[in-house]
Amino acid sequence: MNAFALILRRDLKIAFRRWGELATPLIFFVIVASLFPLALSPEAYQLRDAGPGFLWIAALLSSLLALDGLFRTDVQDGSMEQLALSPAPLALIVLAKTLAHWLVSGVPLIALAPFLALSFYLPLEALPVLVGALALATPTLSVLAALGAALTVSIRGGGAIIGLLVLPLTAPVLIFGTRATSLAIHGEPAVGPLYLLAAFAVLAISLGPLACAAALRVGLE
Amino acid sequence: MAAACLYIRQDPNLSSDSRAGLTVTSLEVWRGERRLFSDLSFELQPGQASYITGPNGSGKTSLLRVLAGLSVPAQGVVTWDGASVSRLAPELRAAIAYQGHLEGLKKDLTVTENLAFYRALWVGDGDIEPLLDELRLDEFADREVRYLSAGQRRRVALSCMRLRRARLWLLDEPLTNLDAAGAEVISAWLREHTAAGGTAVIATHQTDRVQGTAALEVEL
Amino acid sequence: MPQHYAWAWNKDLIVGLVRWFHSLASPPHFYRLAQRLSPWLIATSVVLIVAGTYGGLVLAPPDYLQGDGFRIIYVHVPSAYVGMLAYVMMAGAAGIGFIWRIKLAHAVAVSVAPVGASFTFLALVTGAVWGKPMWGTYWEWADARLVFELLLLFLFLGYMVLHAAFDDRDKADRISAILAAVGVINVPIIHYSVEWWSTLHQGPTIARLDAPAITLDMLVPLLVMILGFTLYFAWLVTRRLQGEVLERERQARWVQRLAAGEPE
């Protein structure tokens, strides 16, 4: 079995043994998304216009929360050292870990989103685009959050800074994700923003792990 | 900021086959803004072991991490089989086993799962059960690592190393938390390893407990 | 000149240049050079800025559409330009320091960050001042260039915060370098955003291959201001860098001698 599959399997196994930790980002997603209508207004017409934004911000923050400890536990128990010294490229290992994390936190988020969207009075016709946009955007968000985690892995209390570092980088994803959703709500084709989200995803997945690996090696020095 | 005193005792029966083995040349290592030691050079041929001794804080761990390729020294070069250790090809990396203070075990996986993972990662060989028997861990084979004591975890970590076909062992205080029986088993492994042509560098302040002849002692 | 003679002269020149550049990486060398260069930098930059201000406020005619309100560009455009230049310089220096492990390069990046952040902030503030009479609003989230400029400010701040969070300076330098490198993609986005999105910002005015869209008597003060701002930026960075170098090398003998007031 190659290293990628090995790490993927191991991380998924560990994640399912700590399934309590899996639920936290999802519950966070629901809570944050629910806070917006409470803070603004429960009026249907306002929620429908602002709904996409709320959903996307909640998804963003939830991704950040989910990936905070992605590397920290490995560094603290010494397994990151061993992985860094192994024959497998560290970037590949990072990609496997990020994928494992996306599978257990990103995918459920994508599955939950339509229900939240309906509670924001989003029309049914917009839901496929929403799901598609989230499916394209969450990998990018995961990679960026992983980068933040890798950069701050050797700082005590580094989790606090991750938001400051990563959220500005996620701005393009946010912009085009909400744009796609808004277009879909108004019945227009959202192909343009979706293509851009896909392009970001490809860019992030190919370059992100390399930056993460470099940051992790510096953290181990 | 004085450089630490280096004292190297060397076995006179040193064979010299230049490219194989571990070669350290003019190594200078800093930690933060403090220079730990400078101008350290020594050579280890296959089949030789070396102790690194010295008080706490003298740089034993830092030296081992440089030898493993995890840290980069301020000056100097470390080569293994002629290749610089900080730029090793993947095939050569599998030949070096580093066991530091941290065990490197996932506490949510069982002992067997951890061992199986590392064996697969490094394409090692060997059966897990006899290894566990040897270290009296057989009853913990299917227990998650978080339920093990410190000494038991250390034994599991060292078993992971044993499963690999590594030719260079870099061990940082391997006997921490081990009782006499455990120390005996590890010493036996070390003797077997060097007898089979392997090389080992051991940082320890318990040279009497690691019973084996070291060709070299580097005192920091 | 005979062929081989010309080559020998060129080779010496190249070797000399390379040696000079290499010597720059040595902190005491750099410090001495900076001491000699600083007065010239501040003097020329002040002259240029004063000249540019006079040219922009007095000599340039009022704009056909915007009247006198456009004159803020004489501060806004140079600061935005310097901000982007600063980021590229910071990312480049950090990258060089990361790859070749040159401590002075990291010191450059650390010194540039707050200065770049300040110029970017100035660009945003002057942009808001300009925006109110022109677009009717101090801030427009729909304007791509403004938003990415704000992002640039966040990137500078992120670099500074990340660097400050580490106890080990070497780790701080190297980790922040990775962040700087990742963020550099924002700079071309800012630059091309006016072409990619049709929003409030006008299209490219200066860097066009056909005839410039503004008249010469408006353009010249702008170029003078840009040059003046750049030299001022260079002076600020040089002074900060000198301080940074002294702090990093405070244990070295040359610093002790300097502090004791011994002549060079």
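Read from first to last, the chains carry the letters A, B and C; within each, the first residue is number 1.
As a convention for this text, a contact is a pair of C-beta atoms (placed from the backbone, for glycine too) under 8 Å apart; a residue touches a chain by one contact, two chains touch by 3 or more.
Remember, it's a predicted structure, so these values are computed and weren't measured experimentally.
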{"item": "Smallest number of contact steps required from chain A to reach chain C", "value": "1"}
{"item": "Chain occupying the middle, per Cα centroid", "value": "A"}
{"item": "Chain A and chain C, separation of their C-alpha mean positions in angstrom", "value": "34"}
{"item": "Length of the line joining the C-alpha centres of chain B and chain C, rounded to whole Å", "value": "48"}
{"item": "Chain A-chain B separation of Cα centroids, rounded to whole Å", "value": "38"}
{"item": "Numbers and ranges of chain A residues touching at least 2 other chains", "value": "221"}
{"item": "Set of chain C residues in contact with two or more other chains", "value": "none"}
{"item": "Shared-contact residues (touching 2 or more other chains) in chain B", "value": "72"}
{"item": "Interface residues, chain B side, partner chain A - complex", "value": "68-72, 90-91, 93-94, 96, 98, 100-109, 113, 117-118, 120-123, 144"}
{"item": "Chain A - residues contacting chain C, complex", "value": "147, 151-152, 154-155, 158, 161, 164-165, 168-169, 171, 175, 211, 214-215, 218-219, 221"}
{"item": "Residues of chain C touching chain A in the complex", "value": "147, 151, 154-155, 157-158, 161-162, 165-166, 170-171, 174-175, 178-179, 181-183"}
{"item": "Interfacial residue positions of chain A with respect to chain B in the complex", "value": "1, 3, 6, 10, 13-14, 17-18, 76-79, 81-89, 220-221"}
